[in-house]
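Both of the next two complexes hold subunit A, though its partner changes from subunit B to subunit C.
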Partner chain A sequence: MANISEVNVRAAAIPPTEIEVKLRRQRRISSTLRYSLLTIVGLIMIYPLIWMIGASFKTNAEMFSSAGFWPKEPTLQGYIDGWKTSTPYTFGHFFLNSLWIVIPKVIGTAISCTLVAYGFARFEFPGKKILFATVIATLLLPNVVTRIPQYLLFRELGWLDSFLPLWVPSAFAGDAFFVFMVIQFLRAIPRDMEEAARVDGATTIQTLLYIVVPMLAPAIISVCLFQFMWTMNDFLGPLIYISSVEHYPVSLALKLSIDTTEAFNWNQILAMSVLTLTPSLIVFFMAQKYFIEGISSGGVKG
Partner chain B sequence: MAELQLKSVVKTYGNGFKAVHGIDLDVHEGEFMVLVGPSGCAKSTTLRMIAGLETITGGEVRIGNRVVNDLVPGKRGIAMVFQNYALYPHMKVRRNLGFGLQLRGTPKDQINAATNEVSGVLEIEELLDRLPKQLSGGQAQRVALGRALIKQPEVFLFDEPLSNLDAKLRASMRVRITDLHKRLREEGRPATVVYVTHDQVEAMTMGDRICVMKDGYIMQVADPETLYERPANAFVAGFIGMPEMNLFPAVLTRDGDLPQLTAGGQTIAIAEGLAHRIQTGNGPVTFGIRPQQLHVVAPGSEGAFTATISHVEFMGHEVNLHARLGDAQLVAVVPSDRFEKRFARGESVGLRPAGSHVHLFDADTGENVSLATAAH
Partner chain C sequence: MGGDSKYLGLWYVAPYVIGLLLFTAFPFVASFFLSFTDYDLLSRPEWVGTKNYEKLFTRDRTFDKSLKVTLIYVFTTVPLKLTFALFIAVVLNYRLKAINLFRTAYYVPSILGGSIAIAVLWRYIFADTGLVNMVITGLGGEPVNWFGEPSNALFTITLLRCWQFGSAMVIFLAALQSVDKSLYEAAAIDGAGPWRIFRHVTLPLITPVIFFNLIMQTVQAFQEFNGPYIITQGGPLKSTYLLPLYIYDEAFKSFDMGYASAIAWVLFAIIMVLTLIAFWSSKKWVYYAGDKRS
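Showing the complex of A and B:
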């Protein structure tokens, strides 16, 4: 020990050589450059969002007079007026509509995708390959292609201007992407635990509930998060199927405030946009840990 | 506890691959039966068919007096310990142990009592409130063992349970499992066990009887001594024993009654312990002798092959002497204390097989043709 500390002391006492000094300086310069570049690019990308938040506190007159994001005379007027909206309903009503679409859809997706993925990943049945190929094919099919047939179908069923066209496809594992994601995740989980449960006397459903679902939790949370964010932000779906303002979700309500006013009250629109973003952001940050676990382990085997 | 019977059990996979070719096996009540064989010999498949995790293509599996072919695993009265423990990762040890009982609808207080008893036996009381990821390999394996034990099944199934443990732990778990088996027997509730392993040391030390398998066939079922002393065929002879038995082609001739064997261009007479056992005529055979029964003598001695040393391995208490005889590579194990002379590579050495331990196998079928009575 004595020897080692002696060596250390001596090493510290020796002044760095010229080459060492040069290398150190080079390293410092290169990391300064690297981080400056990253910071600048990062700022450029996030600036519109920052600007939007800042601008939502500006007066309408100030909005386009400067590119800076910091309001000169901060005001909450945008939020107050925006919340009232130009319709008989407050923005809160549209938020509830959104949640009323999102929550059943998320629950339906989680349940149906887990069931379907479990079936594909763990059981052998006739026609499995063809069915799986079909699922993947719908994943590759652009959404737009199915819009018209779907619209006609739902019209025949008399489901227009209700939330059913938005809920039902998801409740039947209509989102092939999620099915695929859960299957990939399941494939990476060894079957031994399920076999142990079967030996312990569990039925297929008990195995799914007690063993598979808890192990799948990160994947299911990711599915819920994705579905939550995508549905919250979905514009086209509600636009096509929902016609009465009473049923509008926030995505349509935002557009409404642009349509109905001749001189746009940008601060109201931006204020409501900020509010619209908040639920997704909150949910994302709350579940971030599982979310990343879910998407990163889904693709990688082992 | 019950006996387990396999009658002409066949497994054919969907792609037409036949993994198990109609095997028959009786495991007696309270017996510790080891299934052993190289990778791909279908020992695990057989075990999984007994467990019900793999469908049975043909034949019959009986546990006690029930045919269980079409019963789900949970109804077969079995418990299984898996190679990678297969503990439920999200449940604490306590719940892992009690899960099977819980599914059966056992009242909570009984589950608790059983959990406490089993954890006492396996010394895992202090682990009850941990999650599987907080356990070491040995601890996890003990919990897996406890999960099987708590159900008091009719048959215990072990699928290479010690393969994931390091050598030292494996040895102690081996003792623990055999002790437990003995203890249950002494307590009057003998456990019927089927234990799959590819490790012959586990097989030899743990099994009451051992079933050696190869390519979906049973090669021999016998107790460890019989398996070692009287292997039914060349495969069993080569598989059981360390180092492997020397097996090489030879030609059997007789000088009167005295059997003579020619290998590598040399002919030796085996004076004792073989003549009365041979059940085959003159001709090509596979000669088998365990390295421990191949004695080192002076080159050219009577009854000894003269071989050329190719390699010497010092093992501590003994020395493995590798030598070439024609095309064949032989190994002789010599105790270190008798190994007075340092043999050098390329030197000639006499290797005399102990007559009573010589085995002759049919050159085509591999059948042992030097057993006094018919093979098993």
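Showing the complex of A and C:
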């Protein structure tokens, strides 16, 4: 359909014939239709989120009486009560737990994936083909089949109810998707600079640190952002490994608050849901371009 | 770099190799063996042969139900989500000034959708007096019992995942934008209308990303856990009791590790077979540029 517009642009200098007038009208209609459709779909997509933000400032009584998002008598009560939680800890405590899971995990992922991708993209070594094939295979391997023995392994190691089961696999480049993404990115970067550095006597590790990492920065940032987002959202991992409330991340704390405040105080739960989503939203809007690039180049789940 | 030892690269990939052996390969093999045992964490695993599988396929009504629900879920969610994603990508692939704004708006649900907070929101939106029913009654319709009716309950989870069509859409959009514009012009000069151009020019050229999205989304849909766990708790009448939920209950609530492993392996086998069928059939319908096959 883009063809019509291009033909049009070229013909603009010549006085319009009947066919051209018709094409232009078609193009205008097409454009209007597209805008209307995209706007309607966009509003439907975003409305639940807007409603949630509005509802978190409503009283419980108002929440189920109108579909509008603007609260009649805005109140912070949901946030105040929700923040206290039904546990001895505040919601802030759970946020710190989440950060304490996320930050080491992101750092471990970034370092290990960069090293491994560099190894795959720039060196020849025995068994490389088979190892690379396992990266692809792991990408497609459903976690559900490895989860139980992983649990048993971490239980043997005495790591249950600690953050180690969540940190350690990532520090060993356990997320094949990220390894794959960085390899793809690295393959597209010319090797001239690295070769020049090697000729000048730099070791491979110096070349990696001073030449490759700066060029890889966009890919590494994408990896960090996705890992941040996924780990903040991760529910099943903490559900299996973290048992004491003291160590709960936000996702488990939110689930706990539904269980304990069921049927009433929905504004508290929605208020805490909004807070749960806030870090991810902020990070997304600050670094949108890396997300879009990361997913268009490597393809992503979600 | 000729002077380097031929093992130098291995040092760089060593973390991956260790991780692969410890956290993927070993658990993968171990879960296969576990599926032939009886193991409750208290005593040592006891070898029971194919007993777990026999029970699964002959006596376990919950498994039958769970398998059926899982297949229904996957085969409705994946096509709906991908069709919608492709449709919106095609509409968006035009000289629209606001293309980035729309792309962002559609992508936000994908970013947040995995969060437990969104599953919580879904529970409220589809509650008896929730947002959706308020809109329906506002438009003069009858309120729908979303969580009481078995067929509706599963559909709320399908809707949640379709709402997250953004990442599939961004991949489609990138592929559409890389299609050579001169091909469209050539087809238009030959007199092809918009639909025929889409069907015979665009669609064949983006089959690689359709294939990629199809595989990734299917593997993911088979592992859906958060949605049914938070939104419906598997109910009503186990109508949203997807296999991952069943595996979780068997393993981490009943501590029946052997039986849970057997269910996991059946699920894995189904995913494998479908993936292999997809790869095998891709030779017939996926077009790769520069490919010698015509």
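Brief remarks follow.
We adopt the following convention: the second predicted complex is superposed on the first by the 256 of 302 C-alpha atoms of A that agree within 3 Å, B and C clash if a C-alpha of one lies under 4 Å from a C-alpha of the other, contacts with A are read in each partner's own complex, and residues count from 1 in each chain.
In this text, a residue touches a chain if its C-beta (ideal position, glycine included) is under 8 Å from a C-beta of that chain, and two chains touch if they have at least 3 such contacts.
Keep in mind that this is a model prediction, so the values were computed, not measured.
Set side by side, subunit B and subunit C differ in how many residues of subunit A they touch, and the one touching more is C. Legend: residue contacts after superposition of the two complexes on their common chain; A:Pro190 is shown touching subunit B, with no touch to subunit C. By the document's definition of touching, neither partner reaches A:Lys84: not subunit B, not subunit C.
Once the two complexes are overlaid on the shared chain, A:Val179 sits against subunit C while remaining clear of subunit B.
Using the contact criterion defined above for the overlaid structures, shared-chain residue A:Ile211 touches subunit B, although it does not reach subunit C. Once chain A of one complex is fitted onto chain A of the other, the partner contacts of A:Lys22 are absent, as it touches neither subunit B nor subunit C.
By the document's definition of touching, neither partner reaches A:Lys72: not subunit B, not subunit C. In the superposition on chain A, A:Arg198 makes contact with both subunit B and subunit C. In the superposition on the C-alpha atoms of chain A, the part of subunit A touched by subunit B in one complex and by subunit C in the other spans residues 124, 195, 198. The residues of subunit C lying in touch with subunit A in their complex are 1, 4, 6-13, 15-20, 22-24, 26-28, 30-31, 34, 41, 88, 91-96, 98, 102-118, 120-121, 123-125, 127, 129-131, 134-135, 138, 163-164, 166-167, 170-171, 173-174, 181, 184-185, 187-188, 194, 197-198, 209, 212-213, 215-217, 219-220, 222-223, 225-226, 229-230, 244, 247-248, 251-252, 257, 260-261, 264-265, 267-268, 271, 275. Residues 1-7, 30-31, 34-35, 37-38, 41-42, 45-46, 48-49, 51-52, 55, 63-64, 66-67, 112, 115-116, 118-120, 122-128, 131, 134-135, 138, 140-153, 155, 168-169, 171-174, 179, 195, 198, 204, 229-230, 232-233, 235-236, 240, 251, 254-255, 258, 266, 269-270, 272-274, 276-277, 280-281, 284, 288, 291-292, 295-296, 299-302 of subunit A touch subunit C in their complex. Residues of subunit B touching subunit A in their complex: 14, 51-53, 72-75, 78-80, 82-90, 99-100, 103-104, 147, 151. Those residues of subunit A that touch subunit B in the complex are listed here as 124, 190, 192-193, 195-203, 206, 210-211, 214-215, 217.
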